[in-house]
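Quick one: the structure is below, and I'll ask about it shortly.
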């Protein structure tokens, strides 16, 4: 399939819509000042073929996309015990809701809502994980380029993260967080503040379309089954309150972030990243979603 | 692939577990008296190859599996307007909860929870649908055998269906149900009380693995895209509160019913039905789930 | 105390505000066409002294005020067993919410929300109560004038009462309603549709400020303790979502109705009724509340 | 009335029940080790007459009873603006629930649930209040004896107060807490850890039955109206999830604490404190409630 032409067409088709709908995340200054009229898309096939278009090499804050990487690390380091502290069901509530935590006694619904990612961070710390280097090392290796944390973003998140503090303290009040709230959130904010571009993310998520094998070295990052399970979680829980809608309209496992990025995995075929900073009311990139729908329609790629 | 051997093995492996866990649905006598120690499994591939094992030809009450057929009819008869009355998101709440209806003003979360199926039934009636014959005609044609409603079950459901009456009246109180509560529920109870066996259901759901084409005639029942969307909804919403778990462990779109049946669709490959009446606390068949997990593991079939 | 002057002053003070705020209940035509610019107030002391002002002899639909009379009858006819089906706590939710019924398994929070009054009606029917006459007989006796049901209002409530049907069916689904939904709601709608004027209501509620003794005959309607308990329930639960605010600002037990009436009881001292049809967002009469606050401030009457 | 005999009788009647029901609060060691078989009761009339019985001079941790004192201070120091940050309605949810805070955007339902008391503490700090001395000074003056904070209890509360941290952070995330979470909670834990005995509390709450006037000096602590409003809030919100039940059975405004104390105010008549450490499932003292019910029945004192 001529993926490059497809991406070029999608890019051309969406360009006139840049800036017409949605708004950039504005809860911290470093995100609020991002120019909304940007759009980039990139993919890498199972066999290493690559294609990209638009602002595919402009770095952005990966935010919640990092939850895929932290879950990957936790599956590797913690194993099945991870699931004693985190459930695997869609939440039916906003990504930062505390209500379900109360009725479910501190067990977050899944690892892709904030509460779940905080619980994952706690498990990583308890497993002996090296917080300052281990995720950056893994991600750098996966995309074959050095990756950094945006310290300004991390500091801003920390300075305004009262809701996340509430969530972490609440989990801890149920005896389901073993480490200090501050330590856990420090790790969580660092991972959210990682900066990557669409092409790097398309490469770095390649293991999810290759049965868990590293996109360059071929070494297993996680097992085949673990990779499929992450894809399943992305489909049912990866796009906040719109997971059902993504499955219905796009039919490809995705994970979005408030930086405007969305990664998508067609199992056994390709990994893709689209980025455009203006978000809809569900916190998903407006043009990112549209691009994914166009891509699914034109290529016929869908898991259903 | 030698599907017959796989089904035989699964059947042999699960036989010793018959009756060890779970309990049959007991909210109406006609379901409560079902012998729990039964297990049947059947599949039909896209190309018409069939395999079955165990009690695959024993009829049972399809219950919520009928929601797939009513949604199919509604997509055909009502089209996109259907979605003005029903959302497409996982609910995060039990299948018969009224809470979300209240905060979401009478719009059910998806067509596979009871409230959603009641809303679908209302849309069907308003579209000029012939309630006594149309679903039976479609299902009979799809499995190439005459199918009937179990009148005792339908009458029992009606006699004890206060929760469904509450739900329908509640939707109507928001102005989101156009027909009489009694008329809508009469249709709903009839569809739940359809009796079929696992082999018939494996055949009848064949259009979902054939791009919407009738399993025998090849005529489009619904479009390719509609079929894929039903599969997507089954994956995100088809198994009550356990949809995330099904996706995670089994990775195949499924729809379950309290009669103990579960249908499963591997897109472009095969449709399958497993039946065993003892249910877990989520109202899904205990051995049905186990059979599907074994099947997915042995065949490597998964959409992820 | 010169109650007549106080009521005259309040009436004069509020007249300029007639029609400036709030709106009449509009869920049924018979209530929607009520002229909003009306205001009446009446009281009767423990010793039989009376005072009234404004539209105190214009009849209106007593609506939820009837819940005080049905509770009185149920305490007399059913006794302590009544409380096996109804709790006695403020709800913290809107008067017609179904959410709490779900988490509390069909036990309404108190007898003054709709669900609770429906449960009371069910208990009355099971106790052998004569639905067509018993409440009218009691109320007529209490105010010493014949009282009637407004049949048009009762019929309209029945024709549009889907939310109440939902509630009654929901309670029944938990096994907490012994009679038919239709029978129970028929009684409930009849009591809501009783027509009385402010003076009649001030007289009829006299037993609540006289230790349960009939305002004319002196015979015990209910016991001293039962009367005090009804007053307590009015204070904690009598004014929908605004019970805390009424206690804080007015400090007198009250029960309001969507017809615009509010009854108030100063224990051992007097019973009062104020009426003005325009309601605030909590479904309490705007000027009725203001009149009660003025009355409490001028007379110094407060239970706190 | 011979209050001393009444208290003696109640004490004698309840002694055989000591230790039979309920359990002491066990969330911190300093409370968990309290001997449950203790009971004390004390009252002081509007005119300064006093009576007490049992362990009325044994000090205990006043815990949530302190919310009455902090509200008193906030009414004095902050005035009406206080109510921009706190509502005045019963919550209908457990005292430490976060659910309502989410749907109500960081505005606690009332000042007597934990979230509300935390918001009050924040308002006090912003008003220039002297955290280390001001409440102790007021309480010492009110009961005419020096009162101290139990530092061990305060430290334990702080060390395990993750739920309170969650609540404070959550309020702050809605922009409704102006001071640091740690500063606010430090004040909150100090006030909860005040140690007093039943007689001291009966004296110190005397202003609530004397139109706001200091029980010894007669100087206004707060205005008449403010005192009545605190009494109203105690009645509708003072005893956690059991406020309706207290009003129904006892009919006197009360505020309870997990240390086992309950204060009660009969307006214009007397203030009372009962203490017994074993709590029921609503966190109210088992024998404390029983004593209050006996007291209300024997004296006929009730606000209804």
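The letters A, B, C and D name the chains in turn, as written, and every chain counts its residues from 1.
We adopt the following convention: a residue touches a chain if its C-beta (ideal position, glycine included) is under 8 Å from a C-beta of that chain, and two chains touch if they have at least 3 such contacts.
Everything quoted here is computed from the prediction, not taken from an experiment.
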item: Number of hops, subunit B to subunit C, where each hop joins two touching chains; value: 1
item: Shared interface numbering between subunit D and subunit C [over half = same, under half = different]; value: same
item: Farthest-lying chain, centroid of Cα atoms versus that of subunit B; value: D
item: Chain centre separation (subunit C, subunit D; CA means) in Å; value: 32
item: Length of the line joining the C-alpha centres of subunit B and subunit D, rounded to whole Å; value: 55
item: Interchain centroid distance [CA atoms averaged], subunit A/subunit D, Å; value: 47
item: Touching two or more other chains - residues of subunit C; value: none
item: Sites on subunit B touched by subunit C in the complex; value: 97-99, 101-102, 162-163, 165-167, 169-170, 172-173, 181
item: Parts of subunit A lying in touch with subunit B, wherever the complex brings them together; value: 87-93, 100, 109-110, 228-229, 231-233, 235-237, 241-245, 247-248, 251, 253, 267, 302-304
